[in-house]
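Note that the chains take the letters A, B, C and D in the order they are written out, and that residue 1 is the start of every chain.
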């Protein structure tokens, strides 16, 4: 490999203090290896913490932004890549990383883990417990489990009682 | 709602016969409601089965294709939307659906479930067991769990023994 | 061809009345042929006019939206495809059309003509005079012509007088 | 501005020797200013020449690749951003650049100029004559000018003689 390794660090925008501390340390260690840090670029959670850690340790930081200007980039992102593509930029995060390290996060992070595995990228989960992720959405009623196509239709009818008026 | 409901049916390209049968029935029931079926458009697995079911029942079928021509579309897709964007089209699948029904699949399907929940789209899992998804990737060595930033760095060094030459 | 032809109608959001009238007639004629109309989906200019023409003549209308919800779709769009990708959806407009008809518009429309020609899509310009497009941007000072790499650098320095502080 | 300026250099994959020479010099001058060069990343034409010029002068080079691996990146691209999105990456090129310099190229380059102007990015044309761009496509019969909606329909019927069978 004649380019520096690009390590993608994924993780949530709203995370516990311990997760931020780990992300900061991870960014710092990546920079000390001479590797490049790539993340989602925003001024929040794991993105902000890992960029600070890498930048303050003298490393290069790349942020792949969902928005259509660089204004939303964290101050520790030296190279903001402005996609204007919302969550579709998650694919770019993954494809551009030689290896993905996922810190705890929500469904955005999980989509990146899934895409990374789909693309056969080496993926490390740092204290990330996937199994518990879906419970909150079930509790909110956004996610439901059904056992048959008929039950799926009934659930859709319950969610959209007027759905058949558009026929 | 003055437009027909758009139901996104997600699911794997390689699935068991029972999954295909369920997807076919689901497509058929969606069409009989006067709803529009939207899926990933390819000639495989849940996409092909759900499109057949909907089309043969007289419904309208939309396929959001990852490729850059319509040639890869299933014969039962009446409206191929050609994105040329690979997995980034998964976001469009989700954003364009009023409700998402996920049949069993792999990591592509999981990324769509995650994006749907992130966007607060009503999401139904039809016989889909998420918890078991990650075991195969662990067995293959693509997915690893680590407990500290230091351990993450060690794992990356093990995967890319020459990673520091690019410094 | 065993699918209905998809005709992409491109054009500006702010256009003269005559352009709207032509776009309406074009949409109507497309529908009367049994073809599908595809456009950028927004409630403005050529998009709105061509969708009205096609829908009122009983045709099917597809709108590829730049936003991340279907709320911005014109009322005459029956199938809103929600990309959340801003101008990147222009590529999808072009790739999904069997043939592109460009009505007068601005730089968004011109980007679609350019992408259509790049992809070797048959492209018709309906009363569209490309040559005059760039004059307004020159007058505004956004577009400048330079004759050498050195002159390019000088112009950039004039636009960003503090550009070298970030070194 | 507390980040280095990012200068996007656009231009064709197949260009005359003089265009390559200019692109090389431009890349070199950008690097000497301490600015970052961003381009389309491929191993061809203006992309390759401008990356070489910048890299050999000690500058940082970013390539926004259309493909889904970094393998297609030019050897002088230090940071390959892998989009897997084909021409949709042209939007990212433009949005990520503080200023765009367009060298001669084809329709891909023209789409980038159009998108840059649409986004009100300062844009410099380096020896680029837009007016002559469309003649070749007219000669090939891919691009046609029509004067009325009816004429557009007639042209489409001429291109797709079997287009009405899908009704």
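Simple rule for what comes next: contacts are C-beta pairs under 8 Å (C-beta built on N, C-alpha and C of every residue); 3 or more make two chains touch, one makes a residue touch a chain.
Quick caveat: nothing in here was measured; it's all calculated off a predicted structure.
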{"item": "Chain B onto chain C, rotation angle from CA fit, given as a multiple of 5 degrees", "value": "180"}
{"item": "Centre-to-centre distance between chain D and chain A (centres being mean Cα positions), rounded to whole Å", "value": "29"}
{"item": "Inter-chain centre distance, chain B versus chain D - centres from mean C-alpha coordinates, in Å", "value": "32"}
{"item": "Chain C and chain D, separation of their C-alpha mean positions in angstrom", "value": "18"}
{"item": "Of all residues in chain C, the ones touching two or more other chains", "value": "2-4, 68, 83-88, 91-92, 119"}
{"item": "Touch-based graph of the chains, sorted into line, ring, star, complete or other", "value": "complete"}
{"item": "Parts of chain D lying in touch with chain B, wherever the complex brings them together", "value": "68, 83-88"}
{"item": "Residue ranges of chain A touching chain D (in the complex, touch as defined)", "value": "2-4, 6, 36, 60, 62, 64, 68-70, 75, 78-85, 91-92, 95-96, 119"}
{"item": "List of chain B residues in touch with chain A within their complex", "value": "1-5, 7, 22, 25-26, 29-30, 33-35, 85-88, 90-92, 98-99, 101, 106-108, 110-111, 114-115, 117-128, 130-131, 134, 137, 142-150, 152-153, 155-157, 159-160, 162-167"}
